[in-house]
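When the chains are written out, they are named A, B, C and D in that same order, and each has its own residue count from 1.
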Amino acid sequence: MKLIEDMKIVKNCEIAKNIYEMTLTGDNVKLMNQPGQFVNIKITEMSQLILRRPISICEIDQEKKQIKLIYRIKGQGTEILAKKLPGEVINIFGPLGNGYPEYSIKNHETALLVGGGIGVAPLYELAKRLSRRKIKVKSVLGFATMTDVFYEKEFSFYGEVHVATIDGSYNFNGNVLDLIKSKNLQFDVIYGCGPQAMLKAINDEYINLKKGYLSLEERMACGIGACYACVCDKANKSTETVRICKEGPVFKLGEVEI
Amino acid sequence: MNIKVELPGLSLKNPIIPASGCFGFGREFAELFDIEKLGSIMIKATTLNSRKGNPTPRVAETNGGMLNAIGLQNPGVDYIISTELPWLSQFNLPIIANVAGSSVEEYVEVAKHLSTVDNVKAIELNISCPNVKEGGIAFGTDCKVAAHLTEAVKRVSCVPVYVKLSPNVTDIVQIAKAVEEAGADGLTMINTLIGMKIDLATGKKVLANGTGGLSGPAIKPISIRMIHDVYKQVSIPIIGMGGIQNTNDVLEYLYAGAQAVGIGTANFVDPYICPNIIEELPYVLEQHGFKDIKDAIGYTHRVKLD
Amino acid sequence: MNIKVELPGLSLKNPIIPASGCFGFGREFAELFDIEKLGSIMIKATTLNSRKGNPTPRVAETNGGMLNAIGLQNPGVDYIISTELPWLSQFNLPIIANVAGSSVEEYVEVAKHLSTVDNVKAIELNISCPNVKEGGIAFGTDCKVAAHLTEAVKRVSCVPVYVKLSPNVTDIVQIAKAVEEAGADGLTMINTLIGMKIDLATGKKVLANGTGGLSGPAIKPISIRMIHDVYKQVSIPIIGMGGIQNTNDVLEYLYAGAQAVGIGTANFVDPYICPNIIEELPYVLEQHGFKDIKDAIGYTHRVKLD
Amino acid sequence: MKLIEDMKIVKNCEIAKNIYEMTLTGDNVKLMNQPGQFVNIKITEMSQLILRRPISICEIDQEKKQIKLIYRIKGQGTEILAKKLPGEVINIFGPLGNGYPEYSIKNHETALLVGGGIGVAPLYELAKRLSRRKIKVKSVLGFATMTDVFYEKEFSFYGEVHVATIDGSYNFNGNVLDLIKSKNLQFDVIYGCGPQAMLKAINDEYINLKKGYLSLEERMACGIGACYACVCDKANKSTETVRICKEGPVFKLGEVEI
């Protein structure tokens, strides 16, 4: 079975300002069974956009043979993606990488899911799976401003949700770390995805205190570990690197240099 | 349809070879398809010691191509000999080992060792990497330097030596002739062109390294021209590459004079591109009236103008 | 927003200049829009006598670009002075006259005459045309030859002399420095890269001339890199070109160090591209936080890395 | 008014093997008023097809603000064109060039229209206009084989039509010139469009005998005379050239070197 498929778009709509949710269906969904993995998308045949675009898998529905992606319009690629219509197909390569290890948390423990901006997306399938195991899930979703907020309700199906906005236009005023501290949220394992500064702050804060997993980003070409575009240093070992697309995108807290 | 190709040191079941740096040591693609189908693999550039390469971002997209500045990251010759090449030896695959360095001595040392490994059937001297501060491209832009290096490596290598030419030169034919005279058994061409992209939001260069190597379909006309010109002037075989995206592109390279081709960037666009081309090639050759791939090689040089 | 640019000999109302060979002498585009809006026009290469150019086909399409081998077809300097330039003088437009030749004497003769014409405010020395057998690019690939020619033309020219550099060289910075030292008042870069396309149906080269010059977005990263590198090493101004398709591309050239830009191939894609960019440029500069176009020129060289 | 417009596709269908007829509508139709002119089409935003494609105007309908183009699938550009659907727009630059001068023939004279393959297309509007002036129109349409034949009926509205196929699979067996001679067709002015070999044959045959006009082709870039891609030699003057896009594409018999 090829890891590449023309998947059919079921739905593609704006769920917050410049944030889109796309539902795809195809046979390869059955290969997708881990929260936090990503797919590498050939968005168009136009040769001005030759590289694939990596996008995290947000939700997996084996019964419907569907996955959901959430993406923010950033440049030309995501702009074209946003204009695609249900019924069209797009070429999807994946699942790729290693996601959040589901059994990294014991049944009685509490998980803290911390998403920043578009980084909220890959945590959703994780929330679902953890809560299916009756693990207590707390979610902290951080956004720049009110119009960016998405998936607050969706996460609330699986546990308590806290939303922070940098400009204070919605709920808590500040960043996710401010919120965690100010609300004194208790947890055993932390799972993060978002901007590098946020991941770095989480890493620095909890490296010696908690177990945790962070999902990283880097510009990619192959998406499978062959080109070495997307490396980052292993922590404390300035000569060894990992490939975010292959060994990651999810790494243990303290595992890599952020 | 015969698509077998015989080159110095290399008996290729077909002329399709993933290009160096775009296929690692084959492990990742082996998870996707049977890599034994390939003609060969040009493995990632090997240096004496392990190298960390450049800071990220290391890649950027351009119109019809991409820039990379990986910077020769590799685990060093010992690890490659002890781990990667033995792993590759499970496949019936002649390996072309890409050798890089920052001094003649380093090239010589690396080539010597690699060339003794059983499945390494040829050395590819990378004198054209634009992404490292010292060495790399410096060896590929001067005839004398290139010839001297070729000679030195030829003296120690147990297998044929192919020299990978840089397109960032005024006269690639002169370099080709110089390395031919110095004993090169073949040429591979071309490596990437030096390019740059600037992020308009920040004003900074997109690549941490500043410049990077331009690959992909954008450079194909440049490569075709260079291979065409070199073919006319040298008699050692050429493995052609630069922007190949499909079987028609392979045919264009054969016509220009390449005996086999390297596929680089296209592996990132479609990871199954190599086996797909291998499957299609006999039909495309047949469509164009050929009975043997040999008849297509250098065809443009023989076809009558009217 | 100020988008006026002052260059040796050239007071440009804006930095947008149709590139030589892509805009004829302006007549055809004047039927489409008011060409007085342009910063300037780089007119078609002029030689001493009229030239017929190369046989057809003269153009071919490539991925992200095109090849041309027009071969300097032009009606000769006398006709251009008696007919084309007077026609252009009805517009309030400084003209940059592109000069070509197959000997130093020819360049000198043509430049001397052209530079006396009222509306010719600068000479662009085309030492980089890849499409003629003798002359052209030969003058642009050797420092000494380029410097000698520049000096000779400088001696006779009544207006500033810009030298148009060829990208088909090992080290463009050296050529740039050589012509600067020889007295060039500015640089225009880059001309096209030499390329080839083969017709798979026939096996023949698509262009009758065999090779042609590659232009269009495919070459932009190469040009940006070259301008960036030359900007750091010379102090005469640069007019940048190669693959500009829109206003963002213009910004990238300004960031890299170009003071004005040439638009070539894009005129064929959208004949209204120049006036469109001129209209958009102030807004795009403003969007990026600039108050004057001067602040964008060379921005990448000044922006702090973090 | 700009000479460039996003025109809307009204119809686009196959009328013979690999031959398509496309109907377009837009305001710029009012600028189109000469048989034999062409438009230069930006077929796609894909940068692998950067140049426009020149296609002759086949029919002009001022009332409906429509034009018709007929094109043969040749390479990637025309292939993409063939897949466009009614309702989509394409960017059309034109009308360009000089067509067949309508008043090159007197009212009582007989016109012979000779089209080879896709070269039949630009003659259609001419046939219409001449017959509107009550000029006697004879059309000779040449094709390679039966499945290529198109517009036989359409031309028959305006006068007698003769069809030749090279392989003899339909009607006359031979080329257009064979047919003209064999049927001894009489005429005063000849109008041709088609493959270069056909045009050359017509030119050589009638240069000293008849008045006539031929439409030429060459690879183009600008389409307006600025780039000098599409030149051809003036007859008997090896130093002078004309631009097919600007001075042509239609030239007088004997005017240029074919």
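Brief remarks on what is shown
In this text, contacts are C-beta pairs under 8 Å (C-beta built on N, C-alpha and C of every residue); 3 or more make two chains touch, one makes a residue touch a chain.
Please read these numbers as outputs of a predicted model, since none were measured by experiment.
Listing every chain that touches chain C and chain D alike gives A, B. Counted by C-beta pairs in contact, the busier of A-B and B-D is A-B. Chain A and chain B have centres, each the mean of its CA atoms, that are 36 Å apart.
Inter-chain spacing, taken between the CA centroids of chain B and chain C, is 33 Å. Rounded to whole angstrom units, the spacing between the C-alpha centres of chain A and chain C is 47. Of all residues in chain B, those touching 2 or more other chains are 63-65, 217, listed in ascending order.
Under the contact definition stated at the top, the residues of chain D that touch 2 or more other chains are 47-48.
If each chain is drawn as a node and touching chains are joined, the picture has every node linked to every other. Interface residues of chain D facing chain C in the complex, by the touch rule stated above, are 2-4, 42, 47-52, 93, 218-232, 238-239, 241, 246. Across the interface of their complex, chain B is touched by residues 62-65, 67, 141, 168-171, 193-198, 200-205, 211, 214, 217-222, 224-225, 228, 243, 248, 251-252, 255-256, 288, 299-300, 303, 305 of chain C. Listed in rising order, the residues of chain C touching chain D in the complex are 21-24, 27-29, 31-32, 44, 50, 52-53, 56-61, 63-66, 68, 70, 73, 216-217, 265, 267-272. Contact residues on chain C toward chain A in their complex (touch as defined above): 63-64, 217. Chain D contributes residues 44-48 to its touches with chain A in the complex.
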